[in-house]
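Chain IDs A, B, C, D, E and F follow the sequence of writing; residue 1 opens each chain.
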Amino acid sequence: MSSPKPIEYAEANPAVREVFDDIMSSRNVADVNNFWKYLANDPKTLKRTWQSLKEIMAPGALDPLVKEMVYLAISVSNNCGYCIASHSAAATKAGMTPEQFSELMAVVGMANETNGLVNGYRVPIDPAFKK
Amino acid sequence: MSSPKPIEYAEANPAVREVFDDIMSSRNVADVNNFWKYLANDPKTLKRTWQSLKEIMAPGALDPLVKEMVYLAISVSNNCGYCIASHSAAATKAGMTPEQFSELMAVVGMANETNGLVNGYRVPIDPAFKK
Amino acid sequence: MSSPKPIEYAEANPAVREVFDDIMSSRNVADVNNFWKYLANDPKTLKRTWQSLKEIMAPGALDPLVKEMVYLAISVSNNCGYCIASHSAAATKAGMTPEQFSELMAVVGMANETNGLVNGYRVPIDPAFKK
Amino acid sequence: MSSPKPIEYAEANPAVREVFDDIMSSRNVADVNNFWKYLANDPKTLKRTWQSLKEIMAPGALDPLVKEMVYLAISVSNNCGYCIASHSAAATKAGMTPEQFSELMAVVGMANETNGLVNGYRVPIDPAFKK
Amino acid sequence: MSSPKPIEYAEANPAVREVFDDIMSSRNVADVNNFWKYLANDPKTLKRTWQSLKEIMAPGALDPLVKEMVYLAISVSNNCGYCIASHSAAATKAGMTPEQFSELMAVVGMANETNGLVNGYRVPIDPAFKK
Amino acid sequence: MSSPKPIEYAEANPAVREVFDDIMSSRNVADVNNFWKYLANDPKTLKRTWQSLKEIMAPGALDPLVKEMVYLAISVSNNCGYCIASHSAAATKAGMTPEQFSELMAVVGMANETNGLVNGYRVPIDPAFKK
């Protein structure tokens, strides 16, 4: 196996094309992102991941913008460069303003800081939080 | 140094009490959580952390519930047990419903999954995401 | 200290050359990877790391392909770009097929997802797992 | 929302019971683990997670034991206590010997060590690994 | 929101310039690093972060070199490329020698390795460590 | 394989006892910590880990207290409970004061916070840091 290569629509098999078609029509775009082109090396994972994502990111008790911002927050905390770039774009498309982005980053930074402090001081859980 | 111990209000110095008082009046509670009692071992960090948190978590471009859910999401992704317990409570207090919690967890799980897939397939950033 | 620089065989001291020689003969290659050239800035760490790696990655209760795939899985989960590239190559050399790579990535992604779900739902360990 | 509580079969709705039934018959066990009882708070995530897991962990290009060991390795690296306990049990059930466990842990430890060294020395990817 | 852009002094508002001026005079440099230029998109986070950093990194019970090396160690363990580069430079400016860097990296690598081993073997805390 | 169990000196084989003896005499203690008793399930990893640790933690360009504090910092950032407890004890034994501990935690927290901010703002490395 050499390093993974993207699979373009023109060379994709029918199972992959079916997923690509659904992504393009669901998102109203003319092409899929690199993420999907690389996942297409494994049609089962491509299909499962797209179906899961579509179900999870649909409007529900949380609106799509909040979901996209949470996705971005996790990607930032995990330092996944591709994910940060793609979910910044997705959140912006869903309506995230620069001010919301800035506040989101402030929360992410602070959460990572206090998570560390809690660990270091070995803070026991307050009984009230266990109920 | 033995393991860190909490500092209760009764034994706290004036600098610590001032922060404790502000936390209790800001949150309208009769006592502070263990997190603050342990941080009180370092009055400067106690004060700085509380001031930062108050500034960051205040209503702004994002509402407090969204901020609390993002805080919880990061804590879950980092597996900080205390933080998960305390920010679950805080998010609930800010209005998070069980349905919102469940959707939040689904997004966190999915983000961690696709972050891994992106890394493994070495997906390059789409030029459109770099603008 | 400027940024770390690689140390090539021609400029290496005898202690470094001895390790480089052993790597090249053990792996039957004409040169060592960048990892070793950078570690050569610290001959003790170079030697200790190579000896540990040789001992750990040798055939044993687990065959070398499984070990290389586990190494790759951890590197993916940690998002270490260099490690992903070098251990993808090593796993491929040890016999990993594209299908095995794809299944490996699916497991890594799923493990990261359910690890997050477990944390968020604060799932207690089943008594049966503690025996 | 108080802290998440498990949902037992007797109190579960039909959608949850259907998943529980499938888990019990697929694994030939009399009850499901806590993980599933907690996920049952969100029937959609319960169903999606079980279906994904069943698909991913099925025998394929990698045998089930290897998959379970990789799952365990990621859980160890992420320090997910529940996941370590449950996937240690699952790997053992799939045939993992104590010797295999020990070698697995040695690889996980080593991977985490060298990932750190690579980051610190800022090792650039060898051109050969990019092909 | 397109991808974040740096804010240069010439285009900065007075609140940002005030922080930039303080950074430049405190560090005796003619310009601020990219980190500050990007944070300047959020003047409140810029100011808060700089004030926190100045307070935390000042000489105290730990000398500045030790603090910079710890900062670098965490950045390496988190694989934050920018942070590794900038804090390697800062630690070097504070007096870190190549030998100290190498020993620091060895400790970081070893800590990450044994953290993993501890997790995998589920080692319980010795009673003596809980006092 | 049931869950890992500690191996006490009385039941240990000669290879394990040799390592235990060296740990006890090197550290001038009457028994080894749980970490070593669990690693003893794999005598090769026990021996390799102890030898590596002894080499890495010995006085060198960095003094033992600094090394122990860095070890603790990484363990806190990784949230390894056992490691935090044992390396807090080791750092204290090496001379860490409560004030040093507090400053150490402040640096760890801050580093985790700014690592997140850097990722989110996608800050490019300053050319000066690449030299």
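Just so it is clear, contacts are C-beta pairs under 8 Å (C-beta built on N, C-alpha and C of every residue); 3 or more make two chains touch, one makes a residue touch a chain.
Remember, predicted model here, so these are calculated numbers, not experimental data.
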Exercise. Among all other chains, pick the one whose mean CA position is farthest from the mean CA position of subunit B.
Key: C
Practice problem: Over half of the contact pairs shared by residue number: find the pair among E-F, C-E or D-E that meets that against A-C. | Solution: C-E
Quiz prompt | Farthest chain (mean CA position) relative to subunit E | solution = D
Practice problem: Please work out the Cα centroid separation of subunit A and subunit E, and write it as a whole number of Å. | Solution: 27
Quiz prompt | Rounded Å distance between subunit A and subunit D, as computed from the means of their C-alpha atoms | solution = 20
Exercise. Two or more other chains in contact with one residue: find those residues in subunit F.
Key: 2-4, 41, 44-45, 49, 52, 56, 77-81, 85, 88, 97, 101-106, 108-110, 112-115, 117, 119, 121-122, 129-130
Quiz item: Mapping chain-to-chain touches, which pattern fits: line, ring, star, complete or other?
Solution: complete
Exercise. Using the touch definition up top, name the residues of subunit D that touch subunit A in the complex.
Key: 2-3, 44, 48, 52, 55-56, 129-131
Quiz prompt | Touching residues on subunit C, where the partner in the complex is subunit B | solution = 72, 76-77, 79, 81, 84-85, 101, 104-105, 108-110, 112-117, 119-122
Self-check item: Of all residues in subunit C, those that touch subunit E in their complex
Solution: 1-4, 41-42, 44-45, 49, 78-80
Quiz item: Residues of subunit B touching subunit A in their complex?
Solution: 3-4, 33-35, 38-39, 41, 45, 49, 52-53, 56-57, 60-62, 66-67, 69-71, 73-75, 77-78, 80-83, 85-86, 88-89, 97, 99-100, 102-104, 106-108, 110-115, 117-119, 121-126, 128-130
Quiz item: Inside the complex, what are the residues of subunit D that reach subunit F?
Solution: 79, 85, 88, 91-92, 96-98, 101-103, 105-106, 109
